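To keep things simple, chains are lettered A, B, C and D as they appear, and every chain counts its residues starting from 1.
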Amino acid sequence: MPAYTDSREAHLRRLRRIEGQVRGLQRMVSEDVYCIDVLTQVSAATRALQSFALELLSEHMSGCVVEAARTGRQEGEAKVQEAAEAIARLVRS
Amino acid sequence: MPAYTDSREAHLRRLRRIEGQVRGLQRMVSEDVYCIDVLTQVSAATRALQSFALELLSEHMSGCVVEAARTGRQEGEAKVQEAAEAIARLVRS
Amino acid sequence: MPAYTDSREAHLRRLRRIEGQVRGLQRMVSEDVYCIDVLTQVSAATRALQSFALELLSEHMSGCVVEAARTGRQEGEAKVQEAAEAIARLVRS
Amino acid sequence: MPAYTDSREAHLRRLRRIEGQVRGLQRMVSEDVYCIDVLTQVSAATRALQSFALELLSEHMSGCVVEAARTGRQEGEAKVQEAAEAIARLVRS
């Protein structure tokens, strides 16, 4: 079972809040709110998504990666390789 | 009227697609989808938000900033200063 | 003449400090300093480069972009377009 | 001994290339090269630093983190926690 099962409710709350921020952006655009204020809200939503990603990644590494490493060095390195690619996508996005 | 009024519909379509991505993330978390796959989807949503921000910023500069500069050098520099702060928030988020 | 001529000395001081940080990284790697400490220093150098870029961009917009907009709307929009592409490269790097 | 000892020469070559890029930036500023071209070079140097960081991090996780996890679950989780903080600094810089 994925590492994040225990904290699933916290993740869902976080994502619902981000969904609310994106709906707030739609309202701002509909109401012709000043661009700079819309951009400030986009930055907030982007940071919230990144924090969610960092939390999920941290749980994944504490769970799946450590578990795999305890099963065998090769298993651990395979999981690390996979996590490293996800980290690269986050850093570059 | 804000510079983005003309392209408002395109912005709203974009934001609705991002809202769909965030709801997709909730579904993935609810269904215990593998963390790495969730993270890939978070990176996609983050990039989509950044593209929206860059588009909005570009329109803002072509519209408000150029207009202000044509009114007066000081007006132009004030709008540039404001835009530069928004850009810094984007680069750092 | 480019907008940044006046502040050239400040920019050069900043870049020399960043060069020092990168040489510091070489020293750390040569001396087998712990990875995590090397990574902390890489983050510091990356942030310093970004701050330099944001400063340069802000000057460019106050100078060249405002000047071009005052010459003509079309000239202003051409400079804005060029700046928007540079901003996109910064946000995505 | 740190995980990156074997690849130390490759890391040093990479960092010397980045140092060359930063010196190139100083030359560009000294010669009043057009801002946008300086910014393009800053983006290249930033991306090079990030790639170095991602490579170092990947090695650290394959080495130290897997090793620690094989010693004990708690040791593994401590190293993961430390790596997660370094990743957060990279994502946010």
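Convention: contacts are C-beta pairs under 8 Å (C-beta built on N, C-alpha and C of every residue); 3 or more make two chains touch, one makes a residue touch a chain.
What you see is a predicted model, and the numbers here were worked out from it, not measured in a lab.
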Contact-richer chain pair (by C-beta pairs counted) among A-D and C-D | C-D
Taking A-B as the reference interface, identify its repeat among B-C, C-D or A-D, namely the pair sharing over half of the contact pairs by residue number.
-> C-D
Between chain A and chain C, what is the separation of their C-alpha centroids in Å?
-> 28
In angstrom, rounded to a whole number, how far apart do the mean CA points of chain A and chain D lie?
-> 21
With chain centres taken as the means of their Cα atoms, state the distance from chain C to chain D in Å.
-> 18
Residue ranges of chain D touching at least 2 other chains are 50, 53, 57, 83, 90, 92-93
Considering the complex alone, what residue numbers of chain D touch chain A?
-> 50, 53-54, 57-58, 61-62, 65-66, 69-70, 73, 76-77, 80-81, 83-84, 87-88, 90-92
Along chain B, where are the residues that touch chain A in the complex?
-> 1-5, 8, 11-12, 15-16, 18-19, 22-23, 25-26, 29-30, 32-36, 38-40, 42-47, 49-50, 52-53, 56-57, 59-60, 64, 82-83, 86, 89-90, 93
